[in-house]
Amino acid sequence: MTNEELKSTLGELIPSATFEEGGEWVNLYVPLEEWKPVALQLRNHPSLQLDYLFCLTCVDWKTHFTIVYHLSSTAVRHNIVVKVKVDRNNPTIETVSDIWRTAEFHEREVYDLFGVTFLHHPDLRRLIMPDDWKGWPLRKDYEDPVNMIKL
Amino acid sequence: MFLKEYINDVLKAAKSLLTGMKVTGYYFTHRKEIITEQYPDNRATLQLAERFRGEVVMPHDENNQHACTGCSACEIACPNGTIKIINKFDIQPDGKKKKAIDTFVYHLELCTMCGLCVEACPTSAIKMANTFEHSVFNRNQLTKRLNQPGSKIREGVE
Amino acid sequence: MIEEVGTTTEGDLVINVGPQHPATHGVLHLVITLNGETIKKVEPHLGYIHRSIEKMCESLTYRQFIYVTSRMDYLSAHINNHACALCVEKGLQVEVPQRAQYIRVIMDELTRIASHELWWGAMAMDLGAFTPFFHAFRERETINTIMEETCGARLTMNYMVPGGVMFDLHPDFQKKVKAFIQQYTSKINEYDELVTGNIIFQNRMKGIGYVTKEDAISYGCTGPVARGSGVASDIRKIAPYDVYDKVEFDEVLETGGDSFARYLVRVKEMQQSIRIIEQLIDNIPEGDFQAKTKAVLKLPKGEFYQRVETARGELGVYIISEGGTTPYRIKFRSPGFSNLSILDHMVRGHKIGDLVAAMGTLDLVIPDIDR
Amino acid sequence: MFSLEGITKAIDTWLNAHFNSTVVLLAECVLVGVAAIALFAVLGLGLVWMERKVAAVMQIRLGPNRLGPKGIFQTSADTLKLIMKEGLTPDGADKFLFNLAPFIVMIVAMLVLAPISFAKNFQIWDINIGVLYVSAVSSLSVIGILMAGWSSNNKYSLLGAMRSGAQIVSYELSAGLAIISIVVLTGSLSINDIIQSQQNGWWIFKGHIPAIISFIIFIIAVTAETNRAPFDLAEAESELTAGFHTEYSGMKFALFFLAEYINIFIVCSIGATLFFGGWMPLHIGNWEAFNHIMDFIPSSIWFFGKTIFLIFLIMWFRWTFPRLRVDQLLNLEWKYLLPISLFNLLLMTVVAIMGWHF
Amino acid sequence: MGAISLIVLACAGIAFSAGGIIVAKLLVRGSTNPQKGQAYECGIPSEGTPWNQFNVGYYLFALIFLIFDVELVFMYPWAVVVKKVGMMALVEIIIFLFILFMGFLYAHKKGALKWM
């Protein structure tokens, strides 16, 4: 589907979504509380079939986090970008690891580096940093006087 | 039939193993295929690629002159803080002050040989040399001064 | 037996494989729960070579950060750099000269062959055959020498710059690449005789680490791992970049889904790379090798995502720019990371020896996973 | 003529002429012991060097080439290095068994030397059940390996030891059956008799197809019994780091390493004895002139030449093939080698009874 | 030399091993370090002991081997006299091997030779 078609389909499917202009793919913001059912619909909708989550990351905007999901369809080859805004002080969001299994590792990585809690995740532990590490390294206000070298 | 299949399996397996042994056997009997480089012994004949990035050097001509204006473009371009340029001001014959380099400090121990400084240099004052035997016993020896003592900027380089 | 798999009970053996283990090719740490010799669970522990490249890149300019990405997947350093350069160019909206595009693609494919060569040798070594490793290195060294001559380095070339490539090709480049193709085609039979056709090798690989098509998609597998399960996932076909839409090549698809299928995909991919190089090497157009760009690059405010096909699969570079000279946030979607997540699923109920075989076909490069 | 037999005879007469019988016996014991130790040392160093050279050339490398001509002293230097290393014993290990294991492996390797005939009339003890003795004693080395693996308090070691236990006992069977099929032809278990029976040709040529099948089975089985690749599951380095000797270091490790090569030598010398006539020169039927020329080559050279050829064969396997998985390994034995060798034994019996062999 | 040679060889084996180990002990001054004594498990402290019960599939193979090996020992004396006894030996061994092979097939059918 072209981006225009995608937009109209998505607009019908998720009335509360807002679209963001620019970028090569359709960007849409989904409200936090609706995310889990929307995610299921995105994968299962017959004309969307977004079965391939190729990137999951988090962006620290200093006031809030956005969790960014890059979705693709292996059958019809279209891509969309879904963004979910999360509160920065108490970042929690529903896991999608039961919908796209690859999210299990990606969510652990985001938890590890940003401190976003994914509810109902099967095994939410630190993935990259040591288990007893303090702080969330990729947040913008993170300071580590020992390991960060300022040039 | 079971027995036929069984024998076939054994024969096929034996054949595949023998073809494998043929290859290694070929190399065992053909010593000219050996590609080992006898490194420290073949220093004299070693052909190094001209562009190989081994370390940053500053070429000086026969009058002990270089082309560095001290513009610090390389210092900014370097991702690792490898280069540090200390400038001084020369008093020229006509009484004007002119910026020139005092010391071009190069930290080989921090360098990743990415070549961005050479790309950034507007006067082609520095280049990558293809030397590679950098090991020393004291780390301080890796901090190098690239401009030779008493060297000057070449006439006409701005 | 099978029902028990997945639960930890008294009397199970918990073994650490890695971070210092001959089979993990680096510092991957796997905690394996065993019942006898049967694997119940594999749990990867990462981070032994984590350098937080994403955080580092936030403080580097758009010219500088490219070189860091060579250190992620060091075996396809060239393709990583390519992805970053393309992403920056996308932001700058720079048209890359044709010559540079051709050079980039040839270099990419050479890198892919070199990377697969190393994988092929290491894979055989995992299974206990040492000789193929050295034979693979013979070809790989030839490629590295060609690279060294043009790019100035053997492994982390940093040859790509936004707008093109750093220098023009070395005058001998075409001649040497053709010689390499000749050398490669004359040796390719030996590869099959030594490893592919070997009965022990086939028995070790066939039916091991089976991944269905659905699982491969759900687990986000990319590259040869996905293609071994029949998922068409080649970015060079899906979203062609540079001159990939002008060359003819086949996306190698195997439907076996087991280790042997993944093995075949990589071996055949090397031949496709040769085919691409053969088409391009004589037709490199004259012209600039670098587009004119400003000394200090500033990307407009916005988000840019670029996907390329590295030797291990899809690499995504996601740059979020606030309009400054450094990226606000950068994310590398590394192929190894997604491929590793399927390891546990793949080897449950197999033997320890199969773990090594299955892990070998994932072609993991640990710095790529840890970043 | 200069030969090993002549030297031993001369020493024996000289000793008997000068001392009484007790002293002679003692002196000969010491001589035999010293000779065996010297043989071990030379074999260990030589075979490791040979292995590295063979591997290198097959892998298009040069191999050791720095120390001495063609790197021949490389292994001596390595041994020196191993002596200088500290022999660690892990904290949780069963210290007694841990330290005993290398001794067991070494003693077993030594004991198997007894009936081997190195040259014409040059044998430590001509036991009348020679081959039975060899197959019995050589299977004892598995005890040393199990001991080492179990006492190390290391999971890799334990798994490696278990694997090698199952593997060695399994392949013992087909090796034994291959030996029996030659015994059927010769009608004697004494190694000397077996060699004498090959006066007019080696069994591999005389014994028709069954002898060749026996030989193939024998070489596969002994490769597995000595834990060599492609059957090196006990020390599969990509799975179990180093298998049963993971925790061994310094000289204790060196003893295991040495024992591996000694065992290869021993099984290959048995193979050479059974199938290639031991020290017996190459004789072809009634070609008197040809046989006579062959006799001029000293018997010890024949013996060592054949043995080293077989050792080369085993090294060739190692540097060509990938490793089997543990269940495939046992499958190979129980589904292929054992039935084939049983059938082959019957075939051989028919050949022997009907006198179809040459 | 006779049976005494076995004692001599065993002593030589002990002397060789002990000699090497003692020489190494004399030459090497080891250092003490609590981490040196840990069991090697790829640099991670070992969890639990290997000396607990765990499923070993090798057990069955050991049993089957035992049966076969005893039979094998019976075959050595048979093999020596085959040529003298003649056809009768062949008939005997066929019966013997047939029974053995039936046992083997039974074990195979029962799945004893399948790796767990």
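We just call them A, B, C, D and E in the order they show up, numbering each chain from 1.
Rule of thumb we're sticking to: contacts are C-beta pairs under 8 Å (C-beta built on N, C-alpha and C of every residue); 3 or more make two chains touch, one makes a residue touch a chain.
Computed from a prediction, not measured in an experiment: that's the story for all the values here.
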| task | Please find the path from chain A to chain E through touching chains that uses the fewest steps, and give that number. | result | 2
| task | Would you mind naming the chains that touch chain B and likewise touch chain D? | result | C
| query | Among the chains, which one keeps its Cα centre farthest from the Cα centre of chain A? | reply | D
| query | What chain pair has the highest count of contacting C-beta pairs? | reply | D-E
| For chain A paired with chain C, centre-to-centre distance based on mean C-alpha positions, whole Å | 25
| field | Whole-Å gap separating chain D and chain E, where each centre is the average of the chain's CA atoms | value | 15
| query | Where the CA atoms of chain A average out and where those of chain D average out, how many Å apart are those spots? | reply | 63
| request: Check each residue of chain A and list the ones that touch at least two other chains. | output: none
| said: If a residue has to touch 2 or more other chains to count, which residues of chain E qualify? | reply: 41-42, 46, 50, 56-57
| note | By the touch definition above, chain D meets two or more other chains at residues 58-61, 155-156, 241, 319-321, 326-327
| field | Touch list for chain D against partner chain B, complex | value | 54, 57-62, 316-317, 319-321, 336, 340
| field | List of chain C residues in touch with chain D within their complex | value | 13, 15, 21-23, 37, 124-131, 133-135, 138, 194-195, 198, 200-201, 203-204, 351-356
| field | Partner chain C, residues of chain E touching it in the complex | value | 41-44, 46-48, 50, 52-57, 116
| request: Mind listing the chain C positions that touch chain B in their complex? | output: 60, 63-65, 67-68, 131, 138, 141, 145, 148-153, 156, 158, 161, 166-167, 170, 190, 193-195, 197-200, 202, 295
| Considering the complex alone, what residue numbers of chain D touch chain C? | 55, 58-61, 155-156, 159, 229-230, 232-233, 236-241, 319-328
